[in-house]
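These are the structures in question, set out in turn.
What follows is a pair of complexes built around chain A, which joins chain B in one and chain C in the other.
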Partner chain A sequence: MPLHIDHISLASPNIFRSADALCKETGLGYWTGEWIRDTAVHIVPLGPPGNFIEISGFVDVHTLREMDEHKQWILDITETGDHFNGLCLGVDSMEELEQFAKHFNSTVNVPDNPDPRTHFQRANGYILPMASTPSGKRSVWMKGLPNVYFYPDRTHHSSGQPVHPCEGMVRPTGIKWVEYGGTEEQMAKWLGIPNPGEQLKMKFNGKSLGLWAVCVGAEGKPDIVIRRPAASEAAPVEKYAD
Partner chain B sequence: MAISINHFSLGARNIYESADRLNKETGFGFWTGEWVQTTACHMFPLGKDVFIEVEGTIDAHGFLKMPKPNYVYDALSVDNEYNGDHWTGLMLGVDSLAELEAVAKRLGGEVSPDDSRVNPYAHFRRPDGYTMGYQSAPRYSAGRPAKWPRGLPTFYYYPDVPGRSSNQPVVSRPHLVTPTGVKWIEFGGTEELLSEWMGVPKASDVIPVRFNGKEVGLWAVCVGREGMDDVIIRRPTAAASIKDPSIYKDVPRPRS
Partner chain C sequence: MAAVLDHIHMGSANVYTSAYNLTKTTGIGHYDGGFMSSITVGHKAVPLGGQVYIEIESVIDPFAVTPDKEPWFYKKALKAGTEIWSGLCLRVDTMEELGEIAKRHGGTISPKAGRRTRPDGPGVKFWSAPSIAGKGSPWEDGKPNWYCWEDRMYCHPSGQPVINTPGMVNPMGVEYLEMGGTEQQMADWLGQDPATLKMHFNGKSLGLYAVGVKTDTKGTIEIRRPSATQPL
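Right after this comes the complex of A and B.
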């Protein structure tokens, strides 16, 4: 599979409340227990070929004793509620990922740190290996741009784990489209591909950069459109220009 | 009146890190997903209907808006060898609402309302929509009597024993150990104080408790393990890390 959407990050002031609300809104189930450092995620699988939303937020308020730019960004984009804060693309090999790193004039974040605290962990003890690009001190999410991932362990990909049962549950059948800010030309230039709209099922709304909506198919039901403001609406990307 | 140990609250800066560490320390499994308002818990069943709730604040903006000083936050801010973990509660159980009402009356407080059906988001919930319907006492809406220090146990009545947090399946992981129940607990203060609070001649005849004379509150829990030695879970009690208790208002927790 060439470059594709892997997952979507939804920044939340309270991941428990947001997951509960999203489940009520859509019927999409979720699973719990994954975390890294001061942050945890509730995972909403979206169906084949393997996509998911990670509802992400602080679970350690003591982390706010030592602030940095990224923590302040998370606070800023969650102050008024949920915001989509990341579109995460995927490739199928480390070689492909390294090609994107070269295109980004960057390097690959390699999952080789032996300290488990530097990786996402689950309640069953599983430590999630993943590589991504571009690397750097400031995440490209803060600029409203997608990054690219390679997950070597597809069996344990977050999209394929069982969810908690919930009332009115629906079976998701995959992402139909996503709505993104900016223009297709901007995205083509960032990714170095000619037609991101067609290849990545992206529509562009000309608003500030970032994800604004995702449409998910549901078995036997109308498609589900999940709309949340992009993080750039709360924290303009110009603030994070190099 | 039959009084038993119902559960323990272990306050944590980060419930994910704390639960992972407690698993490695004891071998016990836990389950995830229970929450109420700005708080969430990871649950460790201990056998015989008793559990530990590893509890923490999971809403940064909610925390920033909370009145300060915040008793639990300040206790957890004090560093220790457990990344700030402190025991924040011993919860006793009774078997009927009538018994709970008698406890509230004896201690001059109230019973928390049973409004879980009409006000579910004021109660602990699970991802499957299950809402906990327990009630507790004494609740002091007009302020805690000075006679009773913080750290004394609250009493609970759980009408739904199968739905109790002690009786849910844990997440599978390698090297899980089966807990066989609480053997004893270590509590601060004196037996006289706890006995008076419980309304019994001798607390240690009712629950397996030992006293260390330190600050009032829970200090240790000893749990049996199938095929292994007992394990003792030691953490400082919250009161031990509070320099001046008089600066804290006794704000009722936002749940039953």
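Right after this comes the complex of A and C.
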């Protein structure tokens, strides 16, 4: 599979409420229990070939008394509710990921960092190994740009885990398209590929960079469009630029 | 009918860390219980067997409460630097029994039912007592309170499946509760013999200090945390 969409991050002021509301709004189920330090995610699988939304937010609010730039960004983009704050692409090999790292003039965040505090872990302690690029102190999400992931073992991928049952549940059949800010030319330049719109099922709306909507197929039901503002609407990318 | 132990409240600064560490150190599993009606508090449940469970709760919404409005158990846990035992919750079968208990303590049944939204849908609804005008929860004084569930004991939190975890044990009920104060103080508050609740007393300030849980493979596991009433 060439470069593809892997997952989407939805920043939330309250992941419990947001996951419950999204489930009631769409019939998409979710699973719970994954966290890293002061942040947790509720995961909404979107179907094949392995897509999901991670609804992420702080669960240890006391840690916010010691602020840093990333925490401030999350607060900025969640103060007025949920915002899409990350588009996460995927490749199938470390070689491909390294090529992207080279293109980004960066390095790869390795999947086997021995510091357990650098990994999301599930409620049973399982850590899903993943590598990503670009690395760096400031996430490219803060600029409204996607990053790229590689999972050495996808058998425990977040998109394939069982969800809590909910009323009116639907079976998702995968992402049909995403609506992104900016232009296709900007995205082509960032990713170094000629036609990201077609390859990644992206439509561009010319607004500020970032994800604005995702359309998900549902078995036997109309397509589901999940529309939330991009993080860049709440925190302009210039605020976190050098 | 005499009240029975229903659940034990553990105040925490981070429900994820607390639940994970409790499972890791004891082998007793937990599951995600969703969020309370106030929406500010997240919940993890730890079934102990015998229709009893621990509920671990902390604030999970940075915008919902200002530091001065945070729940008292959360502040205590922060101050203690660890989880605390914040409340002991007994159960009666009927609202009539709950009303009688409330009356005996000069209060009423809480005017609003407590609610919790589970990740898998059906909400959890319960009533508690005593609610006494001008006074905080009995928990803050280290005293148990009483609960009555709507007719849903078949899906009581103590009976829900836990997350499968390496090294798990099968909890088979509470063997003992180590309480502060004296047996007489507790008997006066409860209106029943504390021995029926497997309580023994250490003479310290009121409140819960430790829970002994019988397990299938590891004997009795003791879970000890500071009591909410302990000076910190």
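Following the convention adopted for this analysis, the second predicted complex is superposed on the first by the 242 of 242 C-alpha atoms of A that agree within 3 Å, B and C clash if a C-alpha of one lies under 4 Å from a C-alpha of the other, contacts with A are read in each partner's own complex, and residues count from 1 in each chain.
As a convention for this text, a residue touches a chain if its C-beta (ideal position, glycine included) is under 8 Å from a C-beta of that chain, and two chains touch if they have at least 3 such contacts.
On a predicted model such as this, the values are computed, not experimentally measured, just so you know.
Model built by superposing both complexes on chain A: chain B and chain C clash.
Once chain A of one complex is fitted onto chain A of the other, the partner contacts of A:177 are absent, as it touches neither chain B nor chain C.
Within the superposed three-chain model, A:240 lies out of touch with both chain B and chain C [touch as defined at top].
Contacts of chain A with chain B, set against its contacts with chain C after fitting on chain A, overlap at residues 13-17, 19-20, 30-33, 35, 38, 40, 57-62, 64, 75, 78-79, 121-125, 164-167. Taken in their complex, chain C has these residues touching chain A: 13-17, 19-20, 23-24, 30-32, 34-35, 39-40, 42, 58-64, 78, 117-121, 163-166.
Listed in rising order, the residues of chain B touching chain A in the complex are 13-17, 19-20, 23, 30-33, 35, 38, 40, 42, 56-64, 73, 76-77, 84, 125-129, 171-174. Contacts from chain A toward chain B in the complex involve residues 13-17, 19-20, 23, 29-33, 35, 38, 40, 57-62, 64-65, 74-75, 78-79, 121-125, 164-167. Those residues of chain A lying in contact with chain C across their complex are 13-17, 19-20, 30-33, 35, 38, 40, 42, 57-62, 64, 75, 78-79, 121-125, 164-167.
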